[in-house]
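Pasting a structure here, questions to come.
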Amino acid sequence: MERRAFYRNPVLPWLLIGPQLILVLVFFYWPTSQALYWAFTLEQPWGGGNTWVWLDNFIAIFRDREYWATVARSAFYAICTTGLSMAVALFLACFVDRSLKGTKLFQSVYVWPYAIAAPAAGVAFRFIFAPQSGLIGSINTLWPGIWDPSTNGIHALAMVIICHAWLGIGYNFIFFLAALQMIPRSITEAGAMDGARPLRRMFDLQLPLITPTVFFLLIMNLISSFTDSFGLIDTMTEGGPVGSTEVMVYKIYFDGFKGLDYSGAAAQSIVLMFLVIALTFVQFKWVEKRVHYN
Amino acid sequence: MIERSPLFNFVTYAAMILGLLVVLVPFWIVIVAGSQSLQEVSRVPIVLWPSSHLWENIQSAWLRADLGPKLINSFIVAIGVTAGKILLASISAFAIVFFDFKARMVCFWLIFITLMLPLEVRIVPTYAIAANALLPFQVVLDTLGITGLVQAVSSVRIGLEWNLLNSYTGLILPLVATATGTFLYRQFFMTIPDELIEASKMDGAGPVRFFFDVLLPLSRTNMLALATIMFVSSWNQYLWPLLITTDRTHYGTVVMQLKALIPTQNGTPDWNVTMAGALIIMLPPLLVVALMQRWFVRGLITRDK
Amino acid sequence: MAAISFSGVKKRYQKNDVIHGVDVEIEAGEFVVILGPSGCGKSTLLRMIAGLEEISEGKIAIDGKVVNQLEPRERGCAMVFQNYALYPHMSVRQNIGYALKVAGMPKAEREAKVLKVAKSVSLEPYLDRKPGELSGGQRQRVAMARAMVREPKVFLFDEPFSNLDAKLRVAMRAEVRNLHRSLGVTSVFVTHDQTEAMTLADRLIVMNSGYVEQVGRPSEVYHHPASLFVADFIGSPSMNLVRGFFGEDGYFRHGKGGMLNLPGLAKAHLSREVSIGIRPELVRRVDAGHKDAIAAVVDYTEELGASRLVYARADGSPIIAVDDGNDALATGMPVHFAMSESDIHVFDHTTGRRVDHAGRPVRATDSVSA
């Protein structure tokens, strides 16, 4: 129902919302419109303003095989981190949901990874996976050269993916557990009366009932994998070796700030932005649908 | 619980302990390595038990990454961003929910849509705006011909400039706008019954009084929840501070220093110092999450759902 | 104490009128109840007095002073809300004292007042509790104390008892009544519960879909309903009503073909399309041989203890009678009823207004005395 008890005041609401509106316009909409402008123009060398080049910048990046490799890598990266992180979190949440004695302790520790800055985790994992050091690197003493993320692209990508997935465990766990605990006890009990064993109940009852959460997390994780990976990659591999961990965000940063190709970076930003918008849109559509189910 | 079979309980504990290992191993390694000497940390395979050199490692990390001033910077930024976000979110949501003005839905959507424009996708142009935050206004004035007009009349050329690079304002301000915070506050304010506002009107309180006497005290738990999340996320900011500070010595934050702690390709592999530094850097948000978990979890769930 | 006067008060949402012009005078010190079904505009009218709702047209004056443009706090009214609207984070003491605090009253004076009011509604032991720790009745008292503490010129009550159980409701009714008696403050009370309305009111304002149907003392409204709506709405079970014509032969004929011999009324209302009505307690059960007996067939009965309700059907139209006999009455059994012509109400069917025995229509604000 629409709220009926409003205040009326010609000035006050604008004073209240004004600061945020200004920030949003200056730091969100203006840069976005700039990005659009740059994406469709090319800066003349030695000044002289920008010339309108229509879709040239987009065509240039779409013709670039390296760009597509980056896109494919980002997609692979996103799918792997999302899948891995959600699987671990769901696994843990299901057991924690049994609320056995002492569960609270486990539960609170599982949340911790959320607190860690991606670059910090990156540094820790870099050490864990360092080929010369005594953890994962130990296997190199048994089979020399079998593990080396500093030269092997696949190793490097795997390392970054594992770290990103680990970082997401806390967040995913919180939501899975909350969703599981929302399921009325009576449904589980009814399932048990019908003779379903725990594993069976999980697949037949709990998982279908938490699909909205699964879907929500899926989208959130995908968006985060596409956008939040910068800090991790910058501390772990800097996109290397030979670009094997360069994902879209990192390429934008690199082309923009190191390569000073603003137009190309802007065009890439727009592509990434559309990706995020599309994912968010799917999310909204789903939320709308979900309302009808309830 | 329905199944009380000891076997299943055993499986449950086993799984949870396995999970504990997965989650804790990185923390453990950081502590172990951070407390060992260079010699111990270079051993292959490493001994997975802490040693006694934590304090000296922290001291070297402190010196190498200049952690003292950087920690202060981090605290200033994280607290500034958190406070700013909460302030802006609460007053914007207050305007959107409780005031009857035509543009309220437009304003709400303007703020809400920024969710789809994360910093990462607009880094390059945002950097440009940070060099002169008043650029949009200058462009507007130029396009409207006001600049020319003023110049003709008073021979003063309007040149709006506000450089945010290398300043606390630059580190804080662009992060203060918050769609999620505004949304959370809006959700909460909408649960306030109409009658409560009416009662306060009857008691003679105006909107400002209502905000301070009724809304703020009622939203205390929400505020706490929001604050924990926002503190963690602003402490952990990496990309934005990296862009906006060219002067690392004065305005760098601790998270930016992590890279400086990593042993160079051909240098001494003193990971013990790196890990000791990382431990210090990850500690404040970890403490917030560990100690304020109840608020934090609640905030996270209401924010994102 | 203050008089409230409405002149031509209208309320419009977008383009729809929800209140179509109210002209009523409430005297100083009076207890007036606005009664009507949900959606009739009674709460809107109350909220217009309070200043929570704008007045689209017309004027409301309190103590002779037009208040249309005044803020709620400037009108000298206090209100008790349906859901109490207590501030959940404040203690009872703070809740009661909040208006005084806003008004800038010094703390010591405020505390003393709060204490005095709390005593008068026996809330003293609970002053430091939060509303969440109180029972429904106690919360209700806090809401009343909050209104009383300001010593307002007018008390407004917006269905304040609708969340209480039946027993508490009766108790609170008595309390409100006593309160009014001791303070004598002009009170306007909105409810859809007619028992509540009848027992509390000095005068009733009966409303229906934005119109004032009748203003009058409870007994007036009951015994001389000014419109078909009031006749039907007030009283439980509601009035027996049937639609038809009076003929020159002195008979009333209704749709289903039944006839009633009402020569006196027939003369006054000849050939007007009317509805006639009679209260169930004035329908008497008689023997079959009674002169002018109406034959009917029992549908079912409802036992009330002291008496019972007989739901029957006469010539196809339903009739309810209050009967204190204790013989067995089964479905399908024949019964006979009689009624006095003077107990019958006549309403013009097209306007829905009461028509007095001289054939003149009765207006909402006319005082109809027996």
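Side notes on the structure shown:
Each chain carries a letter (A, B and C) given by its place in the written order, and its residues are counted from 1.
Throughout what follows, contacts are C-beta pairs under 8 Å (C-beta built on N, C-alpha and C of every residue); 3 or more make two chains touch, one makes a residue touch a chain.
By chain, UniProt protein names: A = sn-glycerol-3-phosphate transport system permease protein UgpA; B = sn-glycerol-3-phosphate transport system permease protein UgpE; C = Glycerol-3-phosphate ABC transporter ATP-binding protein.
In this text, all values refer to a predicted model and were calculated from it rather than measured experimentally.
Listed by label, the chains that touch subunit A and also subunit B number zero.
In terms of the distance between Cα centroids, subunit C is separated most widely from A.
The most central chain, judged by the distance from its Cα centroid to the centroid of all protein Cα atoms shown, is B. For the pair subunit A and subunit B, the distance between mean C-alpha positions equals 16 Å. Look at where the CA atoms of subunit B average out and do the same for subunit C: the two points lie 58 Å apart.
Annotation for subunit B: residues touching 2 or more other chains are 195, 198, 201. In subunit C, the residues that reach two or more other chains under the touch definition are 52.
Residue positions of subunit A touching 2 or more other chains: 5. Those residues of subunit B that touch subunit C in the complex are listed here as 193, 195-196, 198-205, 209, 213-214, 217-218, 220. Taken in their complex, subunit B has these residues touching subunit A: 1-3, 8-9, 12-13, 15-16, 19-20, 22-27, 29-30, 33, 41-46, 88-89, 91-92, 94-101, 104, 107, 110-111, 114-118, 120-129, 133, 135-136, 173-174, 176-178, 182, 190, 194-195, 197-198, 201, 206-208, 232, 235-236, 238-239, 242-243, 255, 258-259, 261-262, 269, 271, 274-275, 278, 281-282, 285-286, 288-290, 293, 296-297, 300-301, 304-305. Within the complex formed with subunit B, the subunit A residues making contact are 3-10, 12-14, 16-17, 19-21, 23-32, 34-35, 38, 88, 91-92, 95-96, 98-100, 103, 106, 108-128, 130, 132-135, 137-138, 141, 166, 169-171, 174-175, 178, 188-189, 192, 197-198, 216, 220, 223, 227-228, 230-231, 234-235, 249, 252-253, 256-257, 262, 265-266, 269, 272-273, 276-277, 280. Per the touch definition, subunit C reaches subunit B in the complex via residues 47, 50-52, 71-73, 77-79, 81-90, 98-99, 102-103, 146, 150.
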